[in-house]
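Each remark here refers to the structure printed beneath this line.
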Amino acid sequence: MPQGKYGPHLPDQTYVPHAYPEHLFDTGEVSLNYATAGSAEQPALVLLPGQTESWWGYEPAMGRLEAHFQIYAVDLRGQGRSSRTPGRYTLDNIGEDVVRLIAFRIRRPVVVSGLSSGGVIAAWLSAYAPPGLVRGAHYEDPPLLQSEVAPERGQSIREGAAGGMFALFNKYLGDQWTIGDEEGLAKAMQERIEAMPPQIARAFAQFLPPPPDPKGIALRRQMVREYDPEWARAFLTGTVGASCDHARMLAAVKCPVLFTHHFRWRDEKTGMFVGAISDLQLARVRELITGAGQPFLYKSFPEMGHVMHGQDPALFARTLLEWTATLPSESETRTRGVFAASS
Amino acid sequence: MPQGKYGPHLPDQTYVPHAYPEHLFDTGEVSLNYATAGSAEQPALVLLPGQTESWWGYEPAMGRLEAHFQIYAVDLRGQGRSSRTPGRYTLDNIGEDVVRLIAFRIRRPVVVSGLSSGGVIAAWLSAYAPPGLVRGAHYEDPPLLQSEVAPERGQSIREGAAGGMFALFNKYLGDQWTIGDEEGLAKAMQERIEAMPPQIARAFAQFLPPPPDPKGIALRRQMVREYDPEWARAFLTGTVGASCDHARMLAAVKCPVLFTHHFRWRDEKTGMFVGAISDLQLARVRELITGAGQPFLYKSFPEMGHVMHGQDPALFARTLLEWTATLPSESETRTRGVFAASS
Amino acid sequence: MPQGKYGPHLPDQTYVPHAYPEHLFDTGEVSLNYATAGSAEQPALVLLPGQTESWWGYEPAMGRLEAHFQIYAVDLRGQGRSSRTPGRYTLDNIGEDVVRLIAFRIRRPVVVSGLSSGGVIAAWLSAYAPPGLVRGAHYEDPPLLQSEVAPERGQSIREGAAGGMFALFNKYLGDQWTIGDEEGLAKAMQERIEAMPPQIARAFAQFLPPPPDPKGIALRRQMVREYDPEWARAFLTGTVGASCDHARMLAAVKCPVLFTHHFRWRDEKTGMFVGAISDLQLARVRELITGAGQPFLYKSFPEMGHVMHGQDPALFARTLLEWTATLPSESETRTRGVFAASS
Amino acid sequence: MPQGKYGPHLPDQTYVPHAYPEHLFDTGEVSLNYATAGSAEQPALVLLPGQTESWWGYEPAMGRLEAHFQIYAVDLRGQGRSSRTPGRYTLDNIGEDVVRLIAFRIRRPVVVSGLSSGGVIAAWLSAYAPPGLVRGAHYEDPPLLQSEVAPERGQSIREGAAGGMFALFNKYLGDQWTIGDEEGLAKAMQERIEAMPPQIARAFAQFLPPPPDPKGIALRRQMVREYDPEWARAFLTGTVGASCDHARMLAAVKCPVLFTHHFRWRDEKTGMFVGAISDLQLARVRELITGAGQPFLYKSFPEMGHVMHGQDPALFARTLLEWTATLPSESETRTRGVFAASS
């Protein structure tokens, strides 16, 4: 069982060097790790990585964004160097950590952008954060509805491509890496991919392209080492969202939303779906958010894999910047919420 | 709280007169009620009603079948005059009751035909009954996969039209009818139907046509009175199939199957589905059963509502009879199973 | 279904007049109702009522405390005039509402006192609130461990006296009072009490004394009308604490604790327990909190029923005041936490 | 991942030689392995091993019983050479396998004796088997109530000594031994034992004495290899009994019961309990079974460890034989049940 100084279950390997300084914030329950870039004179931007990613998955994009934002790239609980919290990985708890970071450390309204599971947390913040904390929320290819065990509409995590992989992560690595059988995992993943029908395998490779070289493989593996596989179990069994129905959450959204939708593909013959969220589910998401009276900007990038901020950081930065220009200003947001009284 | 002599929660109203004699069988756990028709010289046929139906939903069909079969039309546990078993409504327990009826009362191989939830039990018997009990199984418009909370493929009970109705049944009637608010139920059902978009309402009326006259309404209401609404809760929460994954079950089928598929319709705009099982899910069912090496006869009746045996008893009888003629004989089945040694 | 202006499911009857002014706070997700008393020059005190209580259960005690504290008596989500949040009643969400109230409305460190379920929330705040928010936490007869479905130690909610009553609340009133069968409830409660063995009934009457007169009965009934019975379901099924194990929470306590322990009694013959928490479970609670390095003041009041603040407001006030005198000062607490930077 | 000819996940190591012949029975769902001894002229006896045991744990006792019984020592599903059934380990399914073995292979009424989890199955058979199958049921130190996640009375599996061990079995071995980390398991078990307070460790060693010599250690390890650790998960999470409440089951018992109660001990200081079932829970079991009108013979053996049939086979045999002499005869039982018609 790997050990590290940030917690009993956190591997020392996390000390690979990064290009940006890291900091710890005590939420009261967890120690939250985040990296910073950019100047305090720029608007604040919070970046929330996807499952099996750490904050430094954003490094390529941060270079393109740091001139325009004061960036906070966060390791959510169970990611990177942030605390492990067995039995307590829920959307509500994960989201609340970010609320506290914004309220008590950043101390001003922010733009938030999250990928995949991090995009679900971005959605959570847009719905349930205290008033005045969030200027706008970018959901980057978020598995809304689809990452639920029994969604109101469309395929569930069990049907999606990711579900099966999550099962392997948790089985071979164990909650808090207590099994840590990396080779067993690699073998099982390989078997799984080889068992895919060719058309599925092709689609899967577009959705989640394999790392291009040994260095990429090593970084990918490093990220998984920094990840608490209890996340995978929490998603598969549904405990992560047991008290946070996505449709109810989306109907409560209170700020403008940018939704970027990447590669998705459905095999007409078998109905199998590869992607984070189907067009049908997207339509329901749009209906709920516009029904809540919020601006909803939808951008489809069907050629792009799941992680746009890694695969095409320039496109990611450009898309985010253009949309940010349309948001209510920081001071407008401030006047409507909890930062008002203290300003 | 209505009371009746067959159990604390069973209404006396169940004593509406029926055209066929009824009998009770003690399984060891429950008292199972069933009606009989036809001669012992004919092959044995077991009929399993759908949810909120009782055995006498088959009366119209029995008239057309009794010349050809010795019929056993069964009230499953929680239906009609059979026992209520709080906390114990599972596919495994419901199916096992029928196994015991066949093994210890009918005492010879049978053909089984079940509608809807009863069709799922027919599938269970085709997979998990002792060898030699079942010659063939007719699944009449069965919500395979679709009645699961998190199916391997396609929409779940939450998305299906029935899920919402089940929630109302359980809420206003209560487990074992302990609330029994029939008027609250009727009002809530009406509100639900009125809230449907017109195209959904139209499809719904094709799938589950409203009773044609006051007598039909009274019979429908009578059936609901004979039904334990804990079934509804068990389906909605998934306890009914928690240890009986449909895909795994279908991969274990051991006898020929007739699958009749009735009205189903998908609203392309919203993706909403009305029907018991989609074509996509049907394809997966076919794949699993043929993969298990069993003959699979598929008949599509898209013009027919959910309950063919009620809506068009002649078509039901003809379809069943034609397929039965293709099945292994009773004696062939007998030699391969548990009846062999005692014959 | 009763309706009220604070939400679709909130009865107008809540507008019974009270002696203290009420206010609403927008947490971002819910509208939180609270009453105030006392002067801003006194230390801040947050009061959290028990299950089926509203803030005004504290009225008798507030008269004795208002000279010494600035009091915030809170309706938690699902209580009184605060919002109903179907599907979202969890200790984490309920606790977080109070965090936001303290951080963004009260805006200074507080002493918190909660009864029963509210005492569990007091424990949650002592463990998981941001640093510097809570000077000390009074748990008034809290069902720690005992209100869990599968506690680490000792009897569970299923064994406790309250569990059975909760089941009746939810069944006859329905989530958000959508059934609202008050008479059915009263009858079922009466039957339940009459079925108790005499020694249990006697103990139960000491633990939860029946109201002394018609006015008391009316107030009791009024409180239940202001309560969302989904709370009961959430406790019974365990969803309320599914991601918040009590033992883990108590091991994370970060401030001084006052634990008042009221009537409890175990029938040696049957092992049946009447009370909020057994001595055995109390011992485990003490072990966990002192193991976390926090001062733990234990006061046993075996003659006192469950609701000391209602039954003996003077004793409640005296006990709370004496202990408060021993706590770190507001300014000491402030320097160690999130209020530090903004002061 | 070990492979064997009886199934993909069954280790070849199970082919250690045994003193009695083994047979396979096809239940329709699973292949059930059992060993036989004794003559058909003697009464039939079915033996059901405990969790992590296989049928041959009864070998020492069988030598003392074979002159008096025709013995069927069974590997339940997930034990020994019987099938593995992922997702389908429930008391109902496990019990039904034995029903089918008795009804279709043994074909006459039996006496049943089961240890620990096997004793719970013996209780299941005494309650839910078809009439006329079981003459009497011996529960050998059965964790009734205690092996439930939320029992009606007394400590749960989480509090019991076994719960923690089960968690380790499942984690390090994996469902169907798919992890198979025997060394990780041994190390974790050792750490767990070393962390016990001395008084608990002493009690634990009385309850489950360590094997006396290397051969005993090898046999113990061999049994664990023959065990599907998904059993452990099913007990820990409660899926094994989700639809089979123990109290409800015991209130349905329909034949005479012998209850042997072995070592149990409660640490008065901490309340920690070592044993299969407490005296308090035993009292409730007795109350329920006698309330069902059945003879209940209770024998306390406080000096005996959990597995009497292994630790003192002579005492086990003597106790079982004496009680068997008091049971209704095979022919009496036969006349009252499903074997009547075929005799």
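A, B, C and D are the chain letters, set down in written order, and residue numbers restart from 1 in every chain.
Methods note: contacts are C-beta pairs under 8 Å (C-beta built on N, C-alpha and C of every residue); 3 or more make two chains touch, one makes a residue touch a chain.
Bear in mind the structure is a predicted one, so any value in this text is a computation, not a measurement.
Visitor: Just grab the chain with the largest centre-to-centre distance to subunit D, centres being mean Cα coordinates.
Guide: Chain A.
Visitor: Looking at B-C and A-C, which one has the bigger number of contacting C-beta pairs?
Guide: A-C
Visitor: Counting in whole Å, what is the centre-to-centre distance of subunit B and subunit C, each centre being its mean C-alpha position?
Guide: Taking the average C-alpha coordinate of subunit B and of subunit C, the gap between them is 46 Å.
Visitor: Suppose each chain is reduced to the average of its Cα coordinates; what separation in Å results between subunit A and subunit C?
Guide: 35
Visitor: Scan subunit A for residues touching two or more other chains and write them down.
Guide: none
Visitor: Taking the touch rule as given, give the residues of subunit A at its contact with subunit C in the complex, in rising order.
Guide: 26-29, 86-90, 92-93, 96, 100, 103-104, 107, 127-131, 133, 239, 242-245, 248, 252, 254, 338, 341-342
Visitor: Provide the residue numbers of subunit A that touch subunit D in the complex, in ascending order.
Guide: These residues of subunit A touch subunit D: 171-172, 174, 178-179, 181, 184.
Visitor: For a test of understanding, state which residues of subunit A touch subunit B in their complex under the given definition.
Guide: 149-159, 238, 270-271, 280, 283-284
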